[in-house]
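In what follows, chain A forms one complex with chain B and a second complex with chain C.
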Partner chain A sequence: MSGLSLHKKIEENAGLLIFGILFVSAIGGLVQILPILNQDSLSTATENTRVYSAVELTGRDIYIREGCSVCHSQQVRPLIAEVERYGAYSRAGEFVYDRPFLWGSKRTGPDLHRVGGKFSDDWHRIHLIDPRSVVEASIMPAYPWLADRDASDTGNISAKLSALRILGHPYSDEDIDNADADLQGIKEIDALIAYLQMLGTGYSEGDSS
Partner chain B sequence: MEAVTNNVYHDKVVIRLIQFSIVWALAAMGAGVYISAELIWPGIDFGQFWLSFGRLRPLHTNGIIFGFGVSALMATAFYSVQRTSHVPLFAPKLAWFCCYAWQLLVLTGGLSLLAGWNTSKEYAELEWPFDIVIAVIWVCFGVVFFGTIATRKIKPIYISNWFYGALIIVIAMLHIVNNLAIPVSIGKSYSLYAGAQDAVVQWWYGHNAVGFLLTGGFLGMMYYFLPKHAERPIWSYRLSVVAFWAFTYSYIWAGPHHLHYNSIPEWVQSLGMVMSIVLLAPSWATLINGVMTVSTAWEKLRTDPALKFIVLSLAFYGLATFEGPMMSLRSVNVVSHFTDWTIGHVHSGALGWNAMITYGTFYFMVPRLVGRELHSVRLANIHFWLALAGTMLYIVSMWAAGVSQGLLWLSVDNIGELSFSFKDIMASMAPYYGLRLVAGLIFLSGTALMAFNLFMTLKGQHATRVSVPAVDPAYGVS
Partner chain C sequence: MADLPSGFWSGWIIVLTLVSLAGVAWLSISIYFSKDAETQADHEPVWDTDLKEGNNAPPMWWFWMLFAAMIFSLIYLMFFPGLGSYSGLLNWSQGSRVADSYANYEATFADSRQVISDASLEELQNDLDLMATAERIFTRECSPCHGPDGRGQAAMFPNLHDIDWQWGGTPEQIEQSIRQGRNAIMISWQQMLGNDLDAVTEYVSLLSEGNNQSHAGKAGYDQNCVVCHGPTGDGNQLLGAPRLNDDTWLYGGDIDSIRMSLTNGRFGVMPAFDQRLDDVQIKLLVALLAR
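Right after this comes the complex of A and B.
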């Protein structure tokens, strides 16, 4: 059958057309995504990468909820200027407990992947409640409500840890049992700061890979 | 034409979808203008969590893409599939269901974004309950669309329907795979994929949502409305066929150009880059086909605002699909990535291509749907100039902002020290953001003019009953 008459068939048969589209469009995805999903090095943690604690995970979920990732990337590219500005470039193994990933696509604010330990907790607190009180020209939004809300109201933390355990994150029964208690008495802003302070600590100069 | 059947096209649902689409355009562009202003005066969220930039921005993108874009795509798909198949819609009640269910989804989904239910995956921000509803409505859309094609009276399936078909099928595939997650509560779930793997899946989705919705779906519009309007057949049908398959095949590979120099394997980045360059060919083949189709109808261009919009949209389509492959080169992307250059690229496609071609088809369809002249051609012409001015100002200001950001961030002096602090570069963006705000206001006011113009055209009118014409036996289903 010549190419043209095959094509005439497709052109006149809705079922074939649907199948053709599905088939042709699936190839690229299969060739790219299946090997990536099966590449162990992408799902193997670096030496110092650990799961998020109950408090940090809550902070991370607040970061997602507030959409911090629309202005902040978490991905230091292996470029001189970037390593100079932010720190060691990002390794795939540092993100294995990130569901979803938060690399971002726009840097309205600076990259945050290596922000952990860069500022004090108090600096973050003041900055989050009123960025312009520390950086005069800042265009970052203020997040005053984070200081009023209880971290324990952010969501059922033991259910979250259990769900992540199903996905393979190594939480112990103890972690899950204590999760609720860990969030008692702290505000959302404290959880968010705990998350910011552990960002990028999964890698230090000299680690392999 | 004599042997008129007593079948009539189902056009009321088309009108309703157009109305909803315009409402979302106004709302979501309004949100776009508001977030533009927030980047200049961050205080205008007044400490209200739901006015905060991080929540309004997904509202803007989702409102525009799913509210304005998808409603317009459903409207034009329903309009053109009937006319190219010579049958009324299959399962018209289901079409009405798609229409209203979708609007409800956009509305409640938008509110959920303001409430902070957000997966943070771009263009897939809606949480899992909405994802399920989207999948259901999408299947219904597919049933109506392919059902109409299956019952068609014309043997060949016209090219516009292939693009709409690809839109329905490929988006369904992308949507389901990318949104797989474990729910922990009604408004929160954790992605099935983690880290680098999640990133590759997400940008396979993200790029192809752009590819098959914002590009392919709207090419469906182009292939039906441009020839219709120019009153000429498409310049080369064969070229359109070749371009379709090349487009469908190669688009899917290009996602990794969103992850250049990120923590994913090099081979994926290189593959994404090469396939993005390849994509230039089918993209421009389509462009050439469109331009050649109108090339003998220039005189209509002077008088007909609808055609002007469609032809101008093709120019911006050409621009965005040229710029895109250039930005996919690693050496260019190293500058453009993370900057406002990307935002400029996005809106050259979004305003110049998606919005303009939609405006053109609305100006074309609405008078025909109600059987009267457009309320005011003059207003439509003013809208045309506002849209062009707004788009140009938007793109140019973001290019300037993006290129300077990119270069200044990377600039190091001869002993390897950074030349500029992040904060200084940030502070220098204010004038560009000011221009972008003006651009947005201009574009939005044009859209408001169109809303008024079409409202006046529709006012008090009912859909005219258009009978399904008889089929030329040469093309009929035997």
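Right after this comes the complex of A and C.
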């Protein structure tokens, strides 16, 4: 059978045409997506990667709410220039507890994946309230309201943890019971700093994969 | 990360990729070079004397583009990982690319880095070019806290140019501070001092003037503060306790700032840079800061 007679046959059978279109357009997904969904090594946490605590998860939600990922990526690419500037390049297994991941696609500010431990909490506090007071040339906006608002007002944290547990994140009953208490008495800025300080700490040089 | 799919899914990828590639090749070749293309056109129905359906293949340059793309895919799949668990003739991976870059970097700069490793601090300090390099490292890694000129800022991050060193100013102590970081712990003294807080605040602010034997805050100071800051406020570099009897103040020397320190405590943190900088970079920074 030549291509032309096949063409004629498909052209004259709408059902066959629909099936053909679906099949051809599915090939890319069948080759690229399906095997990855079944590749455990990509969805296995690296040695030191752990679930976010209630405070860190709240900080992460604030990070999302304030649009930090619009200007800051969270992916150190495997290039020497990036490794020198930011630290070890990002591994797939570090993001298994990120829903959704915040890799970002734009670096107006520096990448933040390895920012954890690079600055002191005090520095982050000053810098978030007034970036220019520590980095003169910074173009980052100030976020002074984070220091006034209570972290517990950002949403029902125990419900969030329960939902994540359904998705397979290993939270214990105790984690969920204590979640609300953990947020008492701290401000949004504290939660955000806790999140920033644990960013990128799930991998260190020499870990496997 | 660098690992490739294995087992069944590896075969799945290989078969689907090659079969669809072959399918596209067969389809395009058979359409462009079909013998019956013209004869088939003759059999098409004709309406209104000259209106008829036909199969005209797209222009030939289009075919050659497609053909070149297929050849490129094959060559690419031969050299680079793409076909399941087959890692390609070049054995390329993201990790090996970084490793290669570092090997190349090492080969290019090994000599000049060795010179720095072998040099004494004094030699480094006299080399203006190297000090300019050290200043660039400082700007990148240290200036967010210590300020672009290293003179400290935000009434919190220490000035690195003055004579006072909270954790010691010898090259060894500076290196230790950079490598391991420092954690200063001054707890809140509000509970312990109680009503004495104001008196001790004032006493501390007057330490630089010497003889305050009769001051009301001395008793409270001697009881609580001496352990770290010393009887005359000399401080203790082992604990990172700052000198209190001079006019250099880490967190501000006015009464309000001192009261704030006593009330809330102070927990200065210098992060560890052992993982972020290599030995040569740290040595250059030590030379710059010990200058």
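Basically, the second predicted complex is superposed on the first by the 181 of 209 C-alpha atoms of A that agree within 3 Å, B and C clash if a C-alpha of one lies under 4 Å from a C-alpha of the other, contacts with A are read in each partner's own complex, and residues count from 1 in each chain.
Note that contacts are C-beta pairs under 8 Å (C-beta built on N, C-alpha and C of every residue); 3 or more make two chains touch, one makes a residue touch a chain.
Only a predicted model underlies this, so the values are computations on that prediction, with no experimental measurement involved.
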{"item": "Contacts of A:Ile126 with chain B and chain C, given as first, second, both or neither", "value": "second"}
{"item": "Partner chain(s) touched by A:Lys118 [first = chain B, second = chain C, both, neither]", "value": "second"}
{"item": "Partner chain(s) touched by A:His7 [first = chain B, second = chain C, both, neither]", "value": "both"}
{"item": "Partner chain in contact with A:Val83 - chain B first, chain C second, else both or neither", "value": "second"}
{"item": "Which of chain B and chain C A:Arg99 touches, first, second, both or neither", "value": "first"}
{"item": "Touching partner for A:Glu66 - first (chain B), second (chain C), both, neither", "value": "first"}
{"item": "Chain A: partner with more touched residues, chain B or chain C", "value": "B"}
{"item": "Chain B versus chain C as contact partner of A:Pro144, first or second or both or neither", "value": "first"}
{"item": "Touching partner for A:Val134 - first (chain B), second (chain C), both, neither", "value": "second"}
{"item": "Doubly contacted chain A residues - partners chain C and chain B", "value": "7, 27, 31, 36, 39, 42, 78-80, 91-92, 135"}
{"item": "Chain B-facing residues of chain A, complex", "value": "7, 11-12, 14, 17-18, 21-22, 24-29, 31-33, 36-37, 39, 42-43, 61, 64-71, 73, 75, 77-82, 84-85, 90-92, 94-110, 131-132, 135, 137-145, 155-156, 159-160, 163-164, 166-167"}
{"item": "Chain A-facing residues of chain C, complex", "value": "1-3, 5, 9-10, 12-13, 16-17, 20, 26-31, 34-37, 40, 55, 94-95, 97-98, 101-102, 105, 143-145, 147-148, 153-154, 156-157, 267-272, 275-276"}
{"item": "Residues on chain A engaged by chain C in the complex (per definition of touch)", "value": "2-8, 27, 30-31, 34-36, 38-39, 41-42, 78-80, 83, 87, 89, 91-93, 117-123, 126-127, 133-136, 204-205, 209"}
{"item": "Chain B residues within the chain A interface of the complex", "value": "38-40, 42-43, 45, 47, 49, 52-55, 57-58, 116-122, 146, 149-150, 155-157, 162, 165-166, 169-170, 173, 177, 182-185, 188, 190-202, 204, 212, 241, 245, 248-253, 255-256, 258-259, 261-265, 268, 271-272, 275, 334, 337-339, 342-343, 405, 409-412, 416-418, 422-423, 426-427"}
